[in-house]
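Got some structures for you, see below.
Next, two complexes with subunit A in common: one pairs it with subunit B, the other with subunit C.
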Partner chain A sequence: MPLRLERLENVSPLRHAMAPVVAALVTLVVGAVMFVVLGHDPVRAFTIYFIEPLGDAYTLQELVVKASPLLLIGIGLSFCYRANRWNIGAEGQYVAGAVLGSWLALATHGTEAGPWVLPAMLVFGALGGALWGLIPAFLRVRFGASEILTSLMLVYVAQLGLDYLVRGPWRDPAGFNFPQSVTFDDVALMPLLMADGRLHGGIVIALLAVVAATFVLGRTLVGFSIELAGSAPRAAAFAGFDEKRVTYGVFAVSGALAGLAGIIEVAGPIGQLQPTISPGYGFTAIIAAMLGRLHPVGILVASLVLALTYIGGEAAQITMRLPFDVTRVFQGTLLIAILAADILVRYRIRRVEGTTHA
Partner chain B sequence: MLDAAIIGAVLASVVAAATTLLLASLGELVAERAGTLNLGVEGMMIVGAAVGYVTAYGSGSLLLGTLAAVLAGMALSLVFAVLAIWLATNQVASGLATTILGLGLAGLIGASFVGTQLAGAPQLHIAGLTELPILGKALFGQDAFVYVSFLLLAAVAYTLTRTRIGLVLRAVGENHAAAHALGHPVRGIRTLAVMFGGGCAGLAGAHLSLAYTPFWAADMTAGRGWIALALVVFSAWRPLWLLGGAYLFGAVSILQLHVQGFGLGIPSQFLSALPYLATIIALVVISALKHGRGAPASLGVPFVPDR
Partner chain C sequence: MGDVPDPPHALLEAVKLTKRFGSLVANDHVSLAIRAGETHALLGENGAGKSTLVKMMCGLLQADSGELLYEGTPIIFPDPASSRAKGVGVVFQHFALFDALTVVENVALGLPGHQPLAVLAARIDDCVRRYGLSVEPYRRVGELSVGERQRVEIVRCLLGDPRVLILDEPTSVLTPDESENLFRTVDLLTDEGRAVLFISHKLDEVRRLCHRATVLRGGKFIAEVNPKQESSASLARLMVGADVPRTPRVAAHALGEPRLLVRQLSVAGDGSRGSALHDINIEVRAGEIVGIAGVAGNGQTTLFNVLSGETRVEDHESIVIDKVAAGGLGPTERRALRAGFVPEERLGHAAAPDMRLSDNVLLTTHGDGQIVKRGVIHRSVLFARFQQIVKGFDVRFGGKDPKARRLSGGNLQKFVIGREVLRDPVLIVVDQPTWGVDASAAAFIRTTLRERAAQGCAVLVVSQDLDELLEFADRVGVMCEGRLTAPVPVAETSREAIGLAMGGAYGTHSAAGEGHHAA
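Let's look at the complex of A and B:
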């Protein structure tokens, strides 16, 4: 073989930073092939998917509305993944947070309750998500059960629980039998940031999370112990960091942020509980975390990119009658590309001269 | 009310439900015994279901559909293998990526077939035996997938424990450095094992869309790929235990449907959650009992020869 992959000893920061860019380009090439196979002009499809949504104020607001939950959940997941704990059930923690937070909105519905309702709902939402996230943490610490599988199974359980509530005890009695709760009172809704559009306070909370997470992960002993637990668990044990506390801690944080995202979504764009309250934010946020290199600022950028695939997907559904699955293919390809690109930037292709053995 | 005919029908449907799980988990067991954890089972299974259905619908041949499903599962598993085995990326993330991509691809492939239906795989009928009360239909009235799943189980159990190929495969999964030093192509063997797993997941998907419920519906695997992954842990990586696990979970998923039918006043969502809760409980019990023993020692650890 005349070509060989050779590992680089020192990878420059620039080369490292190129990986997500290369991954995005590869995804676009794969996407173009997909559009051609589906019988669409790729240029037109890309325009509808990625250019037009950036063109007007309404869709730009939507972009931020969709990026906020991805950002919140993705930051939480970065705590887990840095510690090498594989929480893949954020979707379930999101639902659990939405349910517990909504309970307060429904309990105070039609009463004279004051403006304390929304902040209390956010606290309940974070609490609900954290509790749901602590279940797989407990099962791992106490019994050694794989957190990957238990956290994922709990997604189905949470979704079925929500389904039961909105079709059963929490259904709006005046809602013509539709499976949904009453519309929340004004004190239980997220404030809007602009007069028209759907931009709400969720992005402010998400940006605060970026600042807080950047500080905790980069500047504190807690952040260091998380990092060490992931990259060198034996060293962490010798240094006296408690492995169990790290497990509980990262699951509580990621569950809380996912739960917060859930209650913000329900109290924001949706305004009531329904059987489906997420287009898969909990799973897409996994991609956001990986694409953003587990760094809060990186995840912010990645969330905007992934939000664009959601909005482009909706536009393509309407104008090109493309199924929404195109978006899932984009997201899956992007994750595969970033995983491969992360490795490949550490190698270079070398021509091997005059040798006969590979 | 619970006469022999009803019990017979319930047992037959338990066998059918268990077959999907058995097929998928057998493949994953082989991949894991060789040291690779592939979380892409759900994605490979649903791609198999979609490709199998579309091919069978277009060609009119269930056999062709099944073959296409197996190949599709293998093709997707190859994407995972290139990432996780040859580029040594994180296996958990690579498996998740495979599942996300598979769900999307399957949705695209099946989009224009929603609402159509197939005749479904024919069922065996042996005069005299199939009519036997209670067990007749469960044992002698099934489709070919069920009998193939038993043949496959026997083949995997025999190959893993009684042949040289099985010994090498297990060596690669237990200690890849030693296997490499002995001259075994670690990454090649792992790739083949992962592709076998992909083929089995595709076959399980074909069983779902060609025999169990002969139509295509988006997300029709409904987490069965993940339950298959849990069953491998539950079996402590032993094929014969897999049989027990798959039938136990098949029974749970069928019985909850029948309890829903009786209308005992239990909300249907609680019963639908039972297979997932049972999976969690099974994982906890087996983990508490074994505490990590039984897992191949190199499971999930990428092999990089030049490091």
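Let's look at the complex of A and C:
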């Protein structure tokens, strides 16, 4: 029996706001089934995943550290998604930013360079991400290429480029042939917020981004033009907003924030360049953006939730010998659930009787 | 009204249908019987509940109470497919055709089963001959005029052999000639014993064509009358509940400076029908209303886009707004010259359907320096302007600040016009100011534009409604195939002359030749 989606005329704001909550519940149910199939007690697994990390000061800090790149990238993506531009390549822009920012750290390594190095690295990081993000924007504007495909493909280009650099020209000569750069000088490292903790300056930057994005998206003409271009392109042209400028603009912002997240991560928790600098932050941030309703504050909450799956995943790897892929499954299930919930909030499913199509 | 003749049996009957949307009662115990062999008019203003009633009668909406009778037996249509199966066909105002496909392919998509296209084409030809509809099965829909597309929709309906045919505002997109052809088709259909429900706000048509008319107002059934025994004025009174004001005739006032000068404007087409412009010349002076008549798809959309700045032209001097060469300027820069634009398509072009109405104020006012300062939106100023538009132009809607999509066509149009008028422009360019708008809203919009002109604004109106242009424009030109005849004073031309020039745009080549002659 064929099914059909019908648009609902009236969707209450409450219903709209409930979609992420329902999606989270569905994810938990799917997760429980998965644990049972894997032969684990779901209650114990959930406790390790989602409860225990919250009871420990160190892991709480770690939670915030993991949430901050998700937050930065997610906010950038929300600019794109509001404008109906589907940037799937934040992971690549993250890597590009990390590479360009690190270039400065390596170039000044061992010199007397002063405290200007870190701020300049952040600028370079944002620039690297923005330039990488502008490539799919250019391909779309100039040739009409789907930004979904091009931005995704460029992720692999960026990752392989990074891999080449740390195995080749940028490898630490004194590093016993390990594929990694030298450890950055102190002037090229993110300062810690507390002497004996994990929290670093990047978290402040991420929170500033929340404030700035809330203002830009909610109160300025730029935010309005982004929203309008996504909602009704022809009306946006009529209003005098250039579609190309919007496309370039949102990709530049999105790429810059991803690049910034990349260089903060390298200059912060990691401290050097290595082949893998992200557990998929760029992709997980897509979920954070969608789960957070493309609103900066929502993305803040969503980033913390998703960071919890990373932390819980690490704990489960250790205590339950569950592979990291379980975390990926959680995140993927959550994305599918949120996308489905979004549709089901706005549409209802109706059965079409038999074959009486006439 | 007891003077309606003894009725033939009803094919489809709505009995006391009620439909609520939240607190709004869109239909309040509305009854209507469509009878075999009759053309039944459904009259009412925008928001009177005509669309809601039609949607319930074809299964797009379900009534809250009341029932539908099909040949006297209660029936429920859970969806449009089930009403089609019972022989209820609807031709909506907005067509559901794929531009890239041919006529026959479009028709095939709407029919059950798999018929070879050749067989279907033969059936189309058959239907076309029988009902005097001219449709060529193998032409691409993208190349067709609006009138031709409507005929494709009608043919598609007729191939399903409907017993009841519902036509939603069918003549609003047709030339006088095309309308006549449609009326002949409708007469043939009713002669065969089919029933036609004819939704219109053109009262003269209804009086000529229809055997019966049901009038709705504010969601309520007002009267069923014999339109042939009514005058247009008495029908309008029933619809509106009061006398409809005519647009006050032009009080002679001096014309001022030219506010819009279009000189030798040519635009290359993109290959689709009616996208090129050839050597257009227009002058609109302060205080006058210049009308551009013509059938849809003859370059009006391109002309509007070129004037609004959505499409720029190479020769900057070919468009002059208030003495400034504007051909290379974008929409915001042209608005800064105090020009205002109102596109034909309300949802998606003039307004963003899924944004709140107050946000839609920003579309054309963001460059004026009052609501947006240094890139920051001042919500309180924005909301004040929004209230001003709503109050000053009688824009009605449910809730405080709904999405634009939720407004009826007439109310959204009043909003869009009000948004421009309150910017105090020296030039207004309006494409189809009253398309699909009810009589009283249309009168209000025309009066508003007339008043602006009297206060020294230059107004350019593109319209397919000839009566409208003759009623309130000072000079009228005709567009056909991307060319514009020199606008002449309304007093010095006639319906026939204009109609002939309009018709020149299509049909056979010889007819096109005559049209150019007449132009």
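In this section, the second predicted complex is superposed on the first by the 334 of 358 C-alpha atoms of A that agree within 3 Å, B and C clash if a C-alpha of one lies under 4 Å from a C-alpha of the other, contacts with A are read in each partner's own complex, and residues count from 1 in each chain.
Definition applied: a residue touches a chain if its C-beta (ideal position, glycine included) is under 8 Å from a C-beta of that chain, and two chains touch if they have at least 3 such contacts.
This structure is a prediction, so every number in the text was calculated from the model and none was measured.
Of the two partner chains placed around the shared chain by superposition, neither subunit B nor subunit C is touched by A:D41. Residue contacts after overlaying the shared chain place A:L154 against subunit B, while subunit C stays out of touching range. In the superposition on chain A, no contact is made by A:D186 with either subunit B or subunit C. Touching more residues of subunit A than its counterpart among subunit B and subunit C is B.
Using the contact criterion defined above for the overlaid structures, shared-chain residue A:M290 touches subunit B, although it does not reach subunit C.
Contacts of A:D242 after superposition: subunit C is touched, whereas subunit B is not reached.
Interface residues of subunit C, counted against subunit A in their complex, comprise 21-22, 78-79, 81-82, 84-85, 111-112, 160, 308-310, 330-333, 335, 341, 343, 345, 348-355, 359, 362-364, 366-367, 372, 375-377, 379. Those residues of subunit A whose C-beta lies close enough to touch subunit C in the complex are 9-10, 219-222, 224, 227-228, 231-232, 234-240, 242, 350, 352-353, 355-358. By the touch rule above, subunit B contacts subunit A in their complex via residues 39, 79, 82-83, 87-90, 92-94, 96-108, 111, 218, 223, 226, 229-230, 233, 267, 269-270, 272-273, 276-277, 279-280, 283-284, 287-288, 291-292, 306. Taken together, the subunit A residues at the contact with subunit B in this complex read 7, 34, 38, 86, 88, 139, 143-146, 148-150, 152-154, 156-157, 160-161, 163-164, 167-168, 283, 286-287, 290, 323-333, 335-336, 339-340, 342-344.
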